[in-house]
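Each of the next two complexes has chain A plus one more chain, namely chain B in the first and chain C in the second.
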Partner chain A sequence: MKLTSEDLRDLAVGAAFLGTGGGGNPYVGRLMAQQCLDEGLTIELIDPADVPDDALVIPTAMMGAPTVLVEKLPSGEEALNSFKSLEKHLGRKAFATMPIEIGGINSTIPLVVGARLGIPIVDADGMGRAFPELQMETFGVYGVPGSPMYVSDEDNDSTLIMAADNKSMEWLSRMVAIRMGGCAYIAEYSMSGADVKRTAVPNTMTLAMRIGRCLREAKANHQNPLDALIALMPQTLYHHARVIFSGKLVDVQRETRNGFAIGRARIDAFTPWKGTMQIEIQNENLIATVDGVVKAIVPDLICIMDSESAEPITTEELRYGQRVTVVAVAVPEIMRTPEALAVFGPRCFGFDQPFTPIESMA
Partner chain B sequence: MKLTSEDLRDLAVGAAFLGTGGGGNPYVGRLMAQQCLDEGLTIELIDPADVPDDALVIPTAMMGAPTVLVEKLPSGEEALNSFKSLEKHLGRKAFATMPIEIGGINSTIPLVVGARLGIPIVDADGMGRAFPELQMETFGVYGVPGSPMYVSDEDNDSTLIMAADNKSMEWLSRMVAIRMGGCAYIAEYSMSGADVKRTAVPNTMTLAMRIGRCLREAKANHQNPLDALIALMPQTLYHHARVIFSGKLVDVQRETRNGFAIGRARIDAFTPWKGTMQIEIQNENLIATVDGVVKAIVPDLICIMDSESAEPITTEELRYGQRVTVVAVAVPEIMRTPEALAVFGPRCFGFDQPFTPIESMA
Partner chain C sequence: MRIGIDVGGTNTDAALMDGMTVKGACKTPTTSDVSTGISTVLKKVLSMTGVSVSEIKAVMIGTTHFTNAVVERKRLLEVAAIRLGLPATKGLPPMTDWPGDLATTLGRHIFMVRGGHEFDGREIAPLDEKEILRIAGEIRARGLKTASITSVFSPVTPIMEQRAAEILKNEVPDLSLSLSHEIGRVGFLERENATIMNACLADLSSRVVSSFHSALKELSIDAPFFISQNDGTLMTPDYVARYPVLTFASGPTNSMRGAALLAGESEAMVVDIGGTTSDVGMLMQGFPRESAVAVDIGGVRTNFRMPDVLAIGLGGGTIVRDEGMRIGPDSVGYEITSKALVFGGDTLTTTDIVVAAGLEDIGDRSRVAHIPARTVNNALDTMHRMVDEAVDRMKTSADPLPVILVGGGSILISRDLPSASKVIRPENASVANAIGAAIAQVGGEVDRIFSLEGTSRDVVLSAAKAEAAERSTNAGADPQSVKIVDIEEVPLAYLPGSATRIRVKAVGDLVMG
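Take a look at the complex of A and B:
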């Protein structure tokens, strides 16, 4: 499947939704991919089922604080450098690249890498959403090592991380990304086609495009875009979605700390909703409570949407006074197994509350 | 020249002296080298003049805060891992290893690497003393790039740094060393034999042994060890040495910050000395003032010695109440050129005072 400019616009919107606040600014990433199309390059998605079992796939991504990304724009060479350095280290050419997360800029960075190298991008990812840390990938949950990993910046610095485990890889590379100015570009979790099929969350790129298209067409047809979106999700692996709150953003605390965008948003209810919703953020929206009662919790998606435009709002764009609607979405079952929850469940973010699927909540 | 146990003891003392407070605990490093001798391995020093011009030399070292080293002892495999990984990356076997600094543990880490791999250790180094940062090497001053560099820890993590310049290499690798627990083991500044001859401070390993032997023999012969040492130095490239203060340590401030042991020592004078000497520390002793007047300044050596035993005292061993004598030593001219002072002169440590050679001071 070859992507068009319209696909890229839909993807940016859908990836911002699935990114659940994180993954970096989707606008910047869309422009980078659009530039490839403008230069006459081809962006070709490939279904994971069509990747040969013995082919080498090297995922690529941005790593760091999305708040930094919007001020320190990438040149576009950084992720290519990491990809090519890792190919050289492995002594083998890759068949394709792949996103590590489906969120914001990280759904489009691999498109740029694929277009510039003339290789396809696998329609799948390793988070099924966005997560703040690199060990939080289904690839690692199901046994693919993250190392060897390359981290590159715009100043021609690059670093190869060979970590004993994926948490060490995150621990070491995070500081490298910080020293590179708060965000950097990576290649990691290189794997076989067989491992892609076994460990990736499938078809999330096309899902993001479907979400973007659904919102766009509903608006064009004067339908309620949120209703259309909520009707769409049960047809996908993300089998349940509903509005859990609506109101006005009355407080946003946000700081860039330890290489992450850390914060908290408070939303005062509009009728018929009651009370104040509080959302805790580490790059992504992690837990939503109303007056202390949990309404949705990681890894399920918590998406803050503009109530007027139905556009997803990323963490760094939250502003006092915005009228927002909060949508919660069930994640695929591959992300809810005990192994998966041990790596990116609530406890991994310091929350005492157990994971409760959104479809089981009041 | 094959080293004996007695050589190692002399080296530890001399390297602690030349390390001017830094370079890590010499006792730990001596034990690691002694273990190699106990296992029947050979530690062979080679004169830089005897290294073939086209031979590959890979220096090895510990990087981090000496205060951490004494609590987190190395297994001995870490520097070997970095060395072998760099050989593999370069696609070439090295002829020899070499110290990057002559101070504390960093004069003995290369001995362990050389002994275990059966290769010689070049009798030279890249600092002519100890310095806190990796760009502060004569290798880099005279044009050898520090990258590619490997950083390894005891947990089987390792990182390859490919930095745009030597300051970026320091900047990136420092955080990796911090994340590895505050100290790590490195291989960097790989170079040809011709570059060794052109850029290294020569014969500092044998000098350290001469210093250690001089102090030991003076004590055995009931001579004043400090007098003997001060008589020795003019016979070397370190052409001037003298006592600049003597007194009691009345205050030591020391903290591990940004991966360095940062601090300040204050010494109240014993007759005939007057006033209070203050010594500023970043791993190493950098500037000594008495009541605001500079008495010695980096890159010249400022060595704090125990007044009773004439043993050098490293930064992390400074204690309230110690009776100490401070000796200042001129460094070789290769370390005092404008290019060298631009990299490790007083301004590089944030001091406003210009460099003044110790032999020109009152």
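Take a look at the complex of A and C:
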């Protein structure tokens, strides 16, 4: 499947939705991908089922602060350098690249790598949403090691990281990213086509595009975009979606703790909803409660949307007075197994509440 | 005494103020040379109040002239768009996401140079001064009169922009220069866009500022004059001549601040009801609450802070349907004087409803006598509900606030609103823009990323506050009156504990001679 400019715009909207408040605004990444199309390059998605079992796939991404990325724009070579360095290290040419994270800006970085190198981008990812740390990948959950990993900046600096486990890889590379100016570009979790089929969350790129298209078309046809979105999700692996609250944002608190941007948003109900919803944020929206009762919990998606425009609102854009609707979405089963929850379940973010699937909540 | 002037696309308004009291206000059509309209309106307001020129201590001007020039693609210069940041930023050259016609108007003279800084102040690369010299030669060869310079993280440290400007000024002495750190905040493309737009206005801005000068001179007004910017604070004429882009969107800000003064409220909701829409915004400490989203101007993405305004489809010409149950969102607009029932037309509008209800006497009331009382009541209920919901929507807490109604369509609202502690309909509301300009204060702002390594949050925060206060006094504020009006802190996500983005805004009263 070859992507068009319209696909890129839809993808950016869908990726912001799947970012559940985090992952960074995909705007800069979309412009870079658009630049590739303007130069006549092709951005080609490939279904994971069509990747040969023995083919090599090397995922690419950005890591660090999106706030830095929107100021220190990429040269466009960084992720390519990490990718090629890793190919060289492995002594093999890769068949394709792939996102590690569909939520936010990382949905767009592999598009530029694929277009520049003339290779396809696998329609899948390793998070199925956005997460703050590199070990929080279904790839790692099901046994693909993150290392060897390359981290590069715009000035041909690069670092090879060989870590004992994926958590150490995260820890070491984060410091490198800070030294590189707060934002760096990576290639990691190299794997076979067979491993892609076994460990990746499939078809999330096309899912993001479908979400973007659904919201766009509903608005154009004067339908309720949120209703259209809720109706779309059961046709996907994200099999259940519903509105869990609607109201006015009355308080946003932010602080930095243990290296996380921690926050809490409070939303006062509009009829027919009752009470106050509280959403706990650690870069992404993690738990939504109403008067102490859990309504949705990580890794299920909790998306805060503008009630009028149905635009997803990022954590950094949350402001007093916004009219918002909160949508919760079930993630695919591959992200809800005990092994997966051990790596990115509620406990990994310091919450005592157990994971309860959104479709079994009252 | 001071005079506020609003130069709009259609009208030039003036308000003469004694302290916080409106002595007189009037309107005249805007003229193409700007200055004739200004001197006409000045003469008018002086003669109607009987105030002598020597009593005028300051003149404040708000204008949409520069915004209109960009929107209309007229009177713009070709620009040398210089970027300091290579090898970073190469992936997205200047003017990447611009409308093609505007980029072409500006000539697409793009230069990318090694340089720029990291968020913590380290250099990405040393400034390539030889390349700047070469660009100076290109600028001369291409006959360009204006240049923009944007360096990565210049809001953290502006030295490379300043050094590049120094070199260019030496080589091309009459080149006008726009430096990004004086214009925008963190967010590279948006700041660069604003800086390029600023540069293309260089010629127009010096002409407009000198026409302001000549209008005042013609009337022998030698009091200093100022021009209002986006956030409702003032700039000196010299500053505007260099940074005209900072006047973009000053109109809505002045209007809301004028309404605040007229109503005597600094914490309130403002509803500006026109012919087609109602704009609802919120005043906090006398300033409009600002919107967080990126705004397009003439199709170009910028990160100017604009008042957060909600527009709803309710105005004096809005069409009434379904026995008054459904109102708008469409309106007969400027055709109200031929289409509304009371003016002999055949369309039931909101204005017809208030005439039928006996609340206003406009046009021919016999033409609405047949409208059933039920329809009139339904429509009045619906209109009040629409405004009430919009007000509640824009509030930041459930506490009732005063609601200030301005604009020609404010006749639609005759009852109390449940979300309002009281409803205020001030006099002179039609010149709220000019009044807002007249009472504008002087501001200073800091918005950048602070590294927290080796220091503490408190130390960084008080340094930012002191810097914002100093900027406002440098811009002409009375140090005694300077207050910090806004503080915003956003830690950098995904960058453990090392940095935070802080924005502090200070304002104070203008020192008057």
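Note that in this section the second predicted complex is superposed on the first by the 350 of 362 C-alpha atoms of A that agree within 3 Å, B and C clash if a C-alpha of one lies under 4 Å from a C-alpha of the other, contacts with A are read in each partner's own complex, and residues count from 1 in each chain.
Keep this in mind: contacts are C-beta pairs under 8 Å (C-beta built on N, C-alpha and C of every residue); 3 or more make two chains touch, one makes a residue touch a chain.
Since we're looking at a predicted model, the values are computed, not measured.
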item	value
First, second, both or neither for A:Ala194, with chain B first and chain C second	neither
Partner chain in contact with A:Ala163 - chain B first, chain C second, else both or neither	first
Which of chain B and chain C A:Ala49 touches, first, second, both or neither	neither
Contacts of A:Val176 with chain B and chain C, given as first, second, both or neither	first
First (chain B), second (chain C), both or neither touched by A:Arg319	second
First, second, both or neither for A:Asp155, with chain B first and chain C second	both
Residues of chain A touched, compared between chain B and chain C (which is higher)	C
Residues on chain A lying within both footprints (that of chain B and that of chain C)	155-156, 174, 178
Parts of chain A lying in touch with chain C, wherever the complex brings them together	22, 24, 28, 31-32, 35, 63-68, 70-77, 112, 132, 154-156, 174, 177-178, 181-182, 248, 250, 254-256, 258-261, 268, 283, 315-317, 319-321, 323
Chain A partner contacts - residues on chain C that touch it in the complex	85-92, 96-97, 116, 118-120, 122, 124-125, 152-153, 186-189, 282, 289, 292-293, 308, 393-398, 449, 489-501
Complex interface listing, chain B residues touching chain A	85, 155-164, 168, 171-172, 174-176, 178-180
